[in-house]
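In order of appearance the chains are A, B, C, D, E and F, and numbering begins at 1 in each one.
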Amino acid sequence: MLNKNIETFIGCTAGFDEADIVLYGAPFDSTTSYRPGARFGPSAIRHESYGIETYSPYQDRDLEDISVFDSGDVELCIGDASIALSQLEERAKIIADAGKLPFLLGGEHLVTLAPVRVLAKNYPELHIIHFDAHADLRDDYLGAKLSHACVLRRCHDILGDGRIHQFGIRSGERAEFAFAREHTDFHPLKLDGLCETVEKLASEKLPVYLTVDLDVLDPSCFPGTGTPEAGGVSFDELRSALELICKKCRIVGLDLVELAPNLDQSGISTALACKLVRELLCCITNK
Amino acid sequence: MLNKNIETFIGCTAGFDEADIVLYGAPFDSTTSYRPGARFGPSAIRHESYGIETYSPYQDRDLEDISVFDSGDVELCIGDASIALSQLEERAKIIADAGKLPFLLGGEHLVTLAPVRVLAKNYPELHIIHFDAHADLRDDYLGAKLSHACVLRRCHDILGDGRIHQFGIRSGERAEFAFAREHTDFHPLKLDGLCETVEKLASEKLPVYLTVDLDVLDPSCFPGTGTPEAGGVSFDELRSALELICKKCRIVGLDLVELAPNLDQSGISTALACKLVRELLCCITNK
Amino acid sequence: MLNKNIETFIGCTAGFDEADIVLYGAPFDSTTSYRPGARFGPSAIRHESYGIETYSPYQDRDLEDISVFDSGDVELCIGDASIALSQLEERAKIIADAGKLPFLLGGEHLVTLAPVRVLAKNYPELHIIHFDAHADLRDDYLGAKLSHACVLRRCHDILGDGRIHQFGIRSGERAEFAFAREHTDFHPLKLDGLCETVEKLASEKLPVYLTVDLDVLDPSCFPGTGTPEAGGVSFDELRSALELICKKCRIVGLDLVELAPNLDQSGISTALACKLVRELLCCITNK
Amino acid sequence: MLNKNIETFIGCTAGFDEADIVLYGAPFDSTTSYRPGARFGPSAIRHESYGIETYSPYQDRDLEDISVFDSGDVELCIGDASIALSQLEERAKIIADAGKLPFLLGGEHLVTLAPVRVLAKNYPELHIIHFDAHADLRDDYLGAKLSHACVLRRCHDILGDGRIHQFGIRSGERAEFAFAREHTDFHPLKLDGLCETVEKLASEKLPVYLTVDLDVLDPSCFPGTGTPEAGGVSFDELRSALELICKKCRIVGLDLVELAPNLDQSGISTALACKLVRELLCCITNK
Amino acid sequence: MLNKNIETFIGCTAGFDEADIVLYGAPFDSTTSYRPGARFGPSAIRHESYGIETYSPYQDRDLEDISVFDSGDVELCIGDASIALSQLEERAKIIADAGKLPFLLGGEHLVTLAPVRVLAKNYPELHIIHFDAHADLRDDYLGAKLSHACVLRRCHDILGDGRIHQFGIRSGERAEFAFAREHTDFHPLKLDGLCETVEKLASEKLPVYLTVDLDVLDPSCFPGTGTPEAGGVSFDELRSALELICKKCRIVGLDLVELAPNLDQSGISTALACKLVRELLCCITNK
Amino acid sequence: MLNKNIETFIGCTAGFDEADIVLYGAPFDSTTSYRPGARFGPSAIRHESYGIETYSPYQDRDLEDISVFDSGDVELCIGDASIALSQLEERAKIIADAGKLPFLLGGEHLVTLAPVRVLAKNYPELHIIHFDAHADLRDDYLGAKLSHACVLRRCHDILGDGRIHQFGIRSGERAEFAFAREHTDFHPLKLDGLCETVEKLASEKLPVYLTVDLDVLDPSCFPGTGTPEAGGVSFDELRSALELICKKCRIVGLDLVELAPNLDQSGISTALACKLVRELLCCITNK
């Protein structure tokens, strides 16, 4: 696999073969119902990554110490979610089948379904840790089953009860909250209970897919997202949480979604997302 | 009363007669001395309310359970504050006299004077709970008595000492702070002492007008306001405070003012205001 | 048909039954491949229409003299173009079958396909006059047949050669330009030849659908569109052209598409679009 | 008169006594009904003037050759148009009575009434040349007589028929256009007939007040104004027109109004306004 | 020469060896005195080029027909103009010495000096065709000799009288205009006289460096530049002029400078610049 | 020293001779490597200071009680850091030599080097308290020794080990962090250990230069800076820290740098900076 005509994420200088982790992007937001722009997320993250350092003072680790290949964006069929997901699955499969960790940069949250489909086959016991402001548990949205608002419900279709661990959720229909209380490991509003969940998943060495909808963050530090929800967690809280998970759990795939850089002209949202990518890359490989 | 040609706040589907609460808007900022835009507040709140859910996970309540009529904006005389206030009083009076709770969406803070004039007649013992970054206690501003900078002073003219309970104030002239310390129940900078104030008002069942200048919030989570003042309260703090007040006190009228959506292109300020409207609607009727 | 919870276009105060023209909106941009935002077009046009006058000094006509019903936006399935088009066809059919002129506010250009499908049945001799910067004649775009980039090609599938009259086209693939030269009445770059085309269509009283992609305008006067193309026509040129067509031809349906108000914070694009809606409403009924 | 704490317009280094022309600003937009921001006009023009040169290649003249005093902004009562106008009249009177030419930087168009009141007393035969997109001839606006939408009507109250020469008008109520056709020297849409008007005023050496509402310009070159109206004149057209007038007519006062710099983040509107101030200063003194 | 980690301009897929033209970027604006941002020009042009087509309907030519290598940006010493110019010269020399046409994407105008230094050695009879709003003929600017405001003066130091042909200039100090009239082939304000100049240069087959400061365009169609100057030329005028020059003259190097994409959030400036790059690439090779 | 043509910071009405503190501005960002705009900091702070009050409720102090002269910006050579620093040193020296406290408004961080050079001569025992997100300890940046990224390293060249006290640092190369741990009093990430440092400096009455890079603040409350770094301190934390330092330590000079107002269109960053200037002015003189 070759990445031509791509400005890669800072410090991701490895070739595919030598890489432990492979970045891939999903410039897609066709099902976004409110304010679009998540399609611009992956390229913004790559371009603005040159504004941060490769060194993490939090972990005393440097991107130069690890091997990451940035495979660029998948060219997706705009306007047809079903085809787009297949195209994305193909890339995820190539990465996973080569024994490398697939790290997806969204795009809207629906894109998570592609690697989950792939990895649920490879890891029948797959669990998902889900950070989000929204439950994303609708059965359909305005008639569409493949929608950002339904993505965790689609994951539940595949994985079943008790496999999805949700944190930070503070928005949804009454029915979604009822569904969550019954079918998922549900931690609404903030991150309470994370340590216990991590402890349990880690002790059993269960394979974990980590999906981070960046709107779990408070809009004050992350305004650049389609549906900002006041009352979220701080950068420090999220960073610590992710470091804990990545160092303790057996991560088999992960994503960072819902940055809409066009909605934040100050650029602080994109800069924060870049820093989280660096922190995730550093701590996944640091155990 | 009929609301034609109005996009109403989400979930506010009741007719006037059946409604317990009536929303009305004041698209007015003629006396704004620094950066205008609060005139766009009411329509922005209505339009963007479709980006939030009707369900409050904080209260496990849904707008669908309650009866609210959105009467739209009052057509106000731009450029003459005195006439504009009379026009606004007229609407407030119709609502109050029909035994419904008037809920005003500003506009600049001067508009608070209209419902206070009306309700002070109906409730001679009226108290005001006031959240704000600014004291708004000047006797005049550049010669004008009817100014956003004087609105609580005008309320004090009507209600007298000890009736106004101010929280979060962190900006004003030295003379305003001196006036506040002498004549109002003054809690500068943050929300310290709120529980005691609420307890007292609640135990005596005193009628309370609640006025929330959104710039009481920290500019990090609410940049979209004419005169942002660093050092404010967080969304969680304000939301809890309002829930406490609405559940305990006898609210006879309320407002949310000083959103200037044009000053925040990320839209997080408007989204936050929408959520506060939902939370207020849910908790006022939940006791 | 009732329009509830809608802020209608200025001066459009008629009920459905009495109206000669019916406005309907398509808040859709799921197939937009470059910069989204056309979904916000219809509501922006309605909201900002209160910034213009109902009187046209160009035509000495007033919206108050004519009967227009604004039926609001069609609720569309986000992310599935095929379903969305069906939903839109339904509305167009109701309007057309009631003998009223359907006037569509886009949205991206794909939405034009819905009324064309309806009207091609009602008027087998239907012609299309098409203003645009882009040919929109691809057979597919990244695998999708239903795409903004293919919409006139889909119309050609229905209507066949010689029925589509294209003006202002200054962007496209080489293959699209070749196709146009062979299969459509093609007037690239500017509006040359418009008078002759109009004369011919008028003299034979042929039914005409008028579709105006606003990016036919020069980006200097209309920056708020997804894919701005330098070298377009001026407002005066477009306004005159539209007045000529509407006064001479037998218009059986029309649309104005591709305003993306989020891309122009100055608001001049939305204001211009509002004015064109007014001018079109005035001149269609003025013959 | 002393200008303390003022960043003056570039090249305006004269003291009051030696100056031929005196600049004064009116940071006022309280009656603006649509989008405010003209209050920021005068300070933006001064601040950004350092981005242009003092030399005019159009006239081969330099601001260094002429004597202008910038007296800064008048401190105006926000929210009360009547008081604000009196405050502005006072400044205009001081300037005019000292035999200097008062050049007002707006602010919304209502401010023009102040110097016209002053100069109509000094020059009973005063004429007004008026460039604008809007007729501004309403008798009242939402009940207010002192409104930007009525300012030329108020001038007509003072001067009577035939004294006001209007150019570029392309927006207004039907009634305003009817009034204009009867009572003013009316040149709608563009600048046709300007030469004749100038010739006539010049030949009789009539005193002329020149008021330039910058929205007479096409929004493409001047997006930064509250109510942009497509179809305006170009910079070259307006610049030539103003040079013609200033060189031929007996100008006794002038203004440039309705720049709202906050509505144009590219800054081209403010830069254009700065250049027009320079051109006006150069050509008024060049005859 | 290899371009790694670069998103190349659309259609520029050739390798260095096979290419006729080589693009190189100068992300530099350290001497910009007014509003910075030109440093973002090259990457914006590359990134946004995917929003235009490779086919030019003006010339019926396609980028796919020609061989261009995009060598990416030169890494420049920020804050030291002298070092930065040397670094840029090095790249220009490699390209020119390989017999390829160097096409520079700025950056501020100072960067033009680098290829001119290189090419003046290779072509002692070098002429410059210069499109700009500003004369750029100061001898120094605030003490700096190496400044965007002096760049053509520095070129004159090298080439001497009569070798620089300036068009569109409408801003400068009186002294610069005087210098231009004496020492350059000076065509102020618009493009008058271009045909004659081209004819002369072409007939003698003189080597020509073409430098296009994009602010020669009217700010209405190109707001995204540091110092916008009202009264410029239109896109159609500039495009025709460039086509004429490139088809007739012996171009030995060229640049396009002073796009500051951060100053135009609508993106029309960047889109226009992309289109000009395409047009230039197509017509240089089309003779 | 006279400040002509300057809009001074609110309440700074003293003349040079009577002043205890003298403000001076450095509109410079030529070495900014990422996103420029700090050059606009000083004038933005002055202009927007009229949106805050002169009274500090935190300290119960008013700017009217103290004597500050605002000497305006130093005219700096754009594009040559070495010359610019000399120009700035000259101003700092005049202020310091007159026995007044020099208070510098940046500008990028490199400007700090100028007063440090001056004061290190006057106070051989000079210490620096440094708040920043970035270590700024590189020995060179892309070959330049005089760069914002190297400024504290240059200070270290002058002062040596143990004299620089760094707080809040959360970004840098691995080598910078290593250097800091060895050579400075290093408190990364937050403000831990400040009290001890202050206590020590105060007890020995050591002369202290205080430099505040505003990006030490969290981007949520201060988005308007070139290189925002998530995870910073809050306004309340910084304000308290500065009050502590100014009241206890012997401050001999200070600065506030890296506000880039163009990067935050909401204006909250500039407003916060204004408030910090007021708080610093109030507490420096209040011991």
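We take it that contacts are C-beta pairs under 8 Å (C-beta built on N, C-alpha and C of every residue); 3 or more make two chains touch, one makes a residue touch a chain.
If you're wondering where the values come from, they're calculated on a predicted model, not measured in any experiment.
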Legend entry - Where chain D and chain F overlap in contact partners, by chain label: B, E
Inset, instruction - Based on which chains touch which, give the shortest step count from chain E to chain F. - result: 1
Inset, instruction - Over half of interface residue numbers shared between chain D and chain E means same, under half means different, so which is it? - result: different
Legend entry - Pair joined by more contacting C-beta pairs (B-D or B-C): B-D
Legend entry - Distance from chain F to chain C - Cα centre to Cα centre, in angstrom: 56
Legend entry - Centre-of-Cα separation between chain D and chain C, whole angstrom: 39
Legend entry - Where chain B touches two or more other chains at once, by residue number: 218, 220-221, 265-266
Legend entry - Pairs of chains in contact (touch as defined earlier), listed by label: A-B, A-C, A-E, A-F, B-C, B-D, B-F, C-D, C-E, D-E, D-F, E-F
Legend entry - In the complex, chain D residues that touch chain F: 5-8, 43, 47, 265
Legend entry - In the complex, chain F residues that touch chain B: 50-55, 57-58, 60, 62, 218, 220-221, 235-236, 239, 265-268, 271-272, 275
Legend entry - Residue ranges of chain A touching chain B (in the complex, touch as defined): 34-35, 169-174, 177, 188-189, 218-221, 223-224, 227-231, 263-266
Inset, instruction - Spell out the part of chain B that touches chain D in their complex, as residue ranges. - result: 29-33, 36-37, 39, 75-81, 83, 141-144, 146-147, 262
